[in-house]
């Protein structure tokens, strides 16, 4: 085997950079690199290092460029960072630009079979004889491509000093203990590691080192799995869905964990039904039907699906039916880029459907919140008797995040105002489906099957009286809409409250939402270092409440930071608080990538 | 026959009220009263009297209460007015409330077979022996119900002094000259008139009298027919539609007038295709396909249809395809009330579809504008290469309005930036579908069938470069969206400009939209009488331009008056002009009825 | 609606039920008068076929002794879809959006498997905008009676063609239809339906028998009922008019439904075929013209295609497959309706969460 | 795509065309090399059935001498729907939204009746989300080749069941499919299709003959092409796998397409049936097993239903009705493509407006 030594002149030993750099792995999708990348991130996590990953994959199945970006941050910043210090090049199609993209002083690990366009003097190159190593490993032909990806893991393990024990543990975890693939992959990884040890003089500065203080009590999980678990722990009993990236893995998670969590021990049957619908219109109709019948029902979709559901959601809103709609946002308009992230459906979801409609929306920022909001959403749907939206995004939903462990939901489920046969009896059968008995805009409902002659009512999307009878009378129409507005106001203080972090003396307020959280915190830290103090409010739901108003009132300037083009949250805030409109600055960007702290810092510190 | 004399005590002869009162006809729908009512309004119009009608009909086919409200206003106010002076009661189901609804001093003409709950002392009653008159007319059994409605026309003609010649002319017009129904109905009408003359001493004050100065050069037409004509005169060549109240009559108008206006004289074939789609998704897809192929294509629908089209419209927006979407608004959310009006889809249409989208919307206020905007919409669609919305409403679309005669469209049609085979040749085949050559955000397009090897391009709703090739690159995405924003800004000064009426010294500005126009003008007159001067800007399109900004800037308070619950236009204006947000007052109401001048006046003069 | 609601077993045993006609003609087996099965007043046109069908549903439900609180009604949008407000007033009803009744019903019936469902749609609602959801509901064999009140026209929007309009059908405003109709029954067959029948709103006896059988079928029972629109499509040339139906209806057999609570001995008549339904009821088909075997799918295709081509109004039960599982049977879910599960079955244990957290 | 584009008549008459194979093997009748008919590079998985179909389309188009500028390509969303970017690079293409290709194509083809159209969809795109638009496009008999690249799975979203998945089909993540499949060909038949065929991506010869015939058919030609998804549904038990197709394909006849520009004498062989297409081309069916008459609709139902029940892969042309009018023929519109009308035909006269105003 050839000996790979540094080919570029290198100024002696440089100071070590420990746990503070970015690794970027460039591969071809469908090649099995997913496994290798997950070993990397998992072992780093288990070493106690704060890490984030951004998987940048194409909207096809196999053969196109993919990048897996891992950020190590000893300070615990989990946002996307643009610079790349450690580049792993395994894809000829992009090798030129990949090599060009590395930060000054960075290193490049690459398959020695790849064509190299230009040799930079400011980076170190490590050529790896991938083909020969694969050959040496004596793999079955059809698995060579997949298992071959272990090579860069092995080489990186040597160069970056990733603990081999953790890699092994990650491998075992990844294959659920199945010996055959574990051993085959381990063998390959070890071969590469050994080769690297024997052949590479490790003079480059980037190192991983076990640390404590951050990852304890935390888990590594993606937002969609968290949401799926949240649904299972909060009584979901009907899921109607239609596959669409990046939401499918949420339904997958439910299907994966249901047998473990929601199986009747006696019969082995499940306590929930999952139906793959023929499209999103049908998915919406199904969950409205199920919600109406009394189930905790939900769907998961993305922008195009939300658009298709528009008519049905108007029905859900107006007929007042509980159901939960997860929108794992990807960038649009239209089909857009199914594998790129954005917070682009805020406005269209808030006002979804014709007529005077506004909807309650929750915005999780972390897997833990996704887990919790899965429960909040059901509680709110049943309490408010209305469709509830949860707007996550591809970044949160599909990337792996370090998250605090989820807390068991102790509070009882809020099943809302449902009258049983006994209740009806006690009332002498007197009730009105849309009667605002309690002044909160919320009526009582009965479930089909309730054995009482007065239980039945007729559900419709047309005009109706408080007693659910058909009406075209102007007063009935207007009163009904006014009640719905009252209900919307009731929602303001029922939804998850914003998270506020105020700094004494700050004149600048930042309002943001969802998965931008990490980038905002990092930007605030950078700004603080630059002498600019900021306060921060993270909206966790719409409609907003008094807390948001008070915060907005307090600061000279409010930056509304979001990952879309049109400043969609800004738009809504301006409308809710027109008196403060002039001081709210829309700070938005939308190119398919999660926001970076650098960009946010620049916007505020101009 | 019985003699009907005034049954309530009446204070001698009262001053005449000429051409300034409301007539309300209460019937059962599907009973043929439509014909009678159209005779009334048409003959009044032909007498030179400013009249408006509001047809209040139920969402079923036959047997439910219907009201036809005709306002006579010698000053030419054409808005809805609430008070009713002349009540014609032909429906037992509502007779009690109908009689109760008459203004003090008013009169009630009623079928003497109806049960009368209470006799008011402040109104005059005229009982009509409908059954006997029908009998006397000796009608075929199956037509009795229909023709019988002529009776109240005859009685009203006597009491209100509607010219019999005009009624006759209206009848001839209504039946397109067909002798049999004309004579049968006329016979009935005349019988009733003669009976009334012989039996009713006409001491009541309400009279119609021929006048001049208003109706000259005007026509009586509904907005949907006007829009259909506008489409036919502006080159519509493909219509894909799905029936829905209150938009169906727009497609009907196209079908009705096409043989007269758009038939090839040689072959007898039409120069446009109309396809009734299987639903609104298909209608949207069809017109996008046709627009893409180079046709002037359009659809007409209402709220639920717009919601169903949401996904497709995102495609039209992002792939940049010309097509025109008429939304004849009815109140929603959901199925709402198909036969009640509202301006309720402004927000949902403006932001229609997921992702960062905003659309160009036109708002006709009169039939004449509906005619013109049908042309504007095609020009804009092809110029801007994007879906264009025209938001009319049930009030404008389905009610009869006095409108100025339509002007023949002299300006050439703007077919937009289309490259022919010759153009391509001249360019050496060089072009980019989404390349912003001109800095206005609008690229060039080619039509399928263009005989040049470089003509073809691939249309998609996914990410693309200026050359229409697929791209997932962040820069490409962002640049493309930024160009679309540039295009949206280009639209601001291409769309129909607002109509501004400024009064020197006014401190109050009113901004409104569409069919509220008449009510606003009347309210302004009332306010002026009360010493309050107002300026008025009528938005005729979104996005807004500098004129709207300048107007808003100028006044202390801006009332944004609209017929919906949430203040939807207000919402958009606040967002476009956040610095003026605080002084814009949302003045909105939504009960299914057109706004009245009285209500608007009250809101401003509090 | 596959089986008798649990609590509607005969009040006094099968013997009493048999004696019913003689004893108390006005009460059904659960002791209710027929008027109890009515709904609100119809707002349809006088003479509309849809109103006749509502009357038949009321009769059938009363006759079977359905417990209304255990029945749910679904519909889309249209004159036809309004009718669930006019029957079974003590049952929950859901009037959804145009053409999308199937999905709403599917969700509700999976959430509560003990409900018995009647869905009413129109030909526009099912064959035009709704054909997609219809096909998929058929394919899933969801437990419901799916009634299409088929008048070949859009009633509620005043007389446009639907996709079931005959080729050559003329309408006052819409002109002449040039396209071949979609045939609800053939569409159902193609999508693997387990119960496919056609009837005529004017044929009370047949329709009631079919309704009862449909209510007792396991899976989706498709009933394509020709139901004249007296306002927009009732001229004699229309195959969907009363006149045409009365003159030209050709029943392929005489139908009798015998509920499970009636003891019967099936005699071996040559000209009768019996089909045993899932709940033990019987559908007895008496030969009228040619032999017809309703379990022969190819025969069903052939009969229906010929009728379509020749614009003949054939009625009867074209195909039945009583034993195929319905969707709820395939879902591997517990027997208790999901909406009735106690919280312990809806929320996994604290320990299980710890376990999962430990693996992450 | 009913007839040869106007300008693609043989460059040197029928005789020259006949001599073609000998003379210039690399140019087609309009003088183009086959490479001119290629599109962009495929981004599908190596070995994907869809890529084979693209290659067949390229061959067929080249062979027929299609003028690419007069061809339009439509698709929905899915791996299959991406393929129009990979063939006929000089034709306009429209990659629409998921499941709604038919409406877009219908609008475009009514606006410009001279265009020749190829639509590509997937089984999810057509049979799941898109079955409604599919049925209505079939019913309207719009002039287009409608290709379903049928792999029984959602490729692009990574392996869920589509509505054409076999009962019992097993997928890695989605488990076992319990429902009977919708059958694209039966669905087409039920909706009055005029050209219904099935083929297999691995059967190059048959597929090319069918494609050419479809391109010459007046009206909608439905081609259900089994096209293995090598990544998610290519295990041997799947009837949509290569292995299964190669082992088990049963052509119901041998197919030959003879374009109108080739002079032929139809010999009266006992075992051959000829179908004359609208443009004068011929489809020659050579008997293989049983007799098969592709104009017998009932035979088509029967053959297809049996194949579905027995999970057999029968290929060939099941039904054809070459003379039925297509939608554009029914619309009573001018012969000039609407998009090419001069302004005088698009804007009525000033006088006409005055006349109308005078009546109001």
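As written, the chain order gives the labels A, B, C and D, with residue 1 at the start of each chain.
Methods note: a contact is a pair of C-beta atoms (placed from the backbone, for glycine too) under 8 Å apart; a residue touches a chain by one contact, two chains touch by 3 or more.
Since we're looking at a predicted model, the values are computed, not measured.
S.K.: Of the pairs B-C and B-D, which shows more C-beta pairs in contact?
M.R.: B-D
S.K.: Using only Cα atoms to place each chain's centre, name the chain farthest from chain D.
M.R.: So the chain farthest away from chain D turns out to be B.
S.K.: Which whole number of Å gives the spacing of the CA centres of chain B and chain C?
M.R.: From the centre of chain B to the centre of chain C is 41 Å.
S.K.: Taking the mean of the CA coordinates per chain, how far is chain A from chain C in Å?
M.R.: Each chain reduced to its C-alpha mean, chain A and chain C end up 44 Å apart.
S.K.: Indicate the residues of chain D shared as contacts by at least two other chains.
M.R.: Residue numbers touching two or more other chains: 97, 128-129, 131-133, 136, 163.
S.K.: Listing for chain B: what residues touch at least two other chains?
M.R.: Counting only residues that touch two or more other chains, chain B contributes 58-59, 278-279, 304, 311, 315, 334-335, 460-462.
S.K.: Based on the touch definition given at the start, go ahead and assign the chain network to line, ring, star, complete or other.
M.R.: Per interface graph, the chains form a complete graph.
S.K.: Quick one: which bits of chain B touch chain C in the complex? Just the residue numbers, please.
M.R.: Interface residues on the chain B side: 30, 58-64, 242-245, 248, 252, 276, 278-279, 304, 334-335.
S.K.: Over in the complex, which chain B residues touch chain D? Could you list them?
M.R.: Per the touch definition, chain B meets chain D at residues 173, 219-221, 229, 232-235, 237-238, 240, 257, 260-262, 264, 267, 269-275, 277-279, 281-297, 311-312, 315, 405-406, 408-409, 412-413, 446-453, 455-462, 469-470.
S.K.: In their shared complex, at which residues does chain C touch chain D?
M.R.: Residue positions touching the partner: 128-133, 135-136, 139-140, 163, 178-180, 182-183, 186-187, 189-192, 297-298, 301-302, 305, 330.
S.K.: What does chain C use to touch chain A in their complex?
M.R.: 40, 67-70, 72, 84-85, 89-97, 100, 102-112, 114-115, 132-133, 136, 327, 331-335, 337-339, 341, 343, 345-348, 350, 352-353, 356-357, 359-360
S.K.: For the complex, give me every residue of chain D touching chain A.
M.R.: 43-46, 77, 79, 82, 97-99, 128-129, 131, 154-158, 160-161, 163, 173-174, 231
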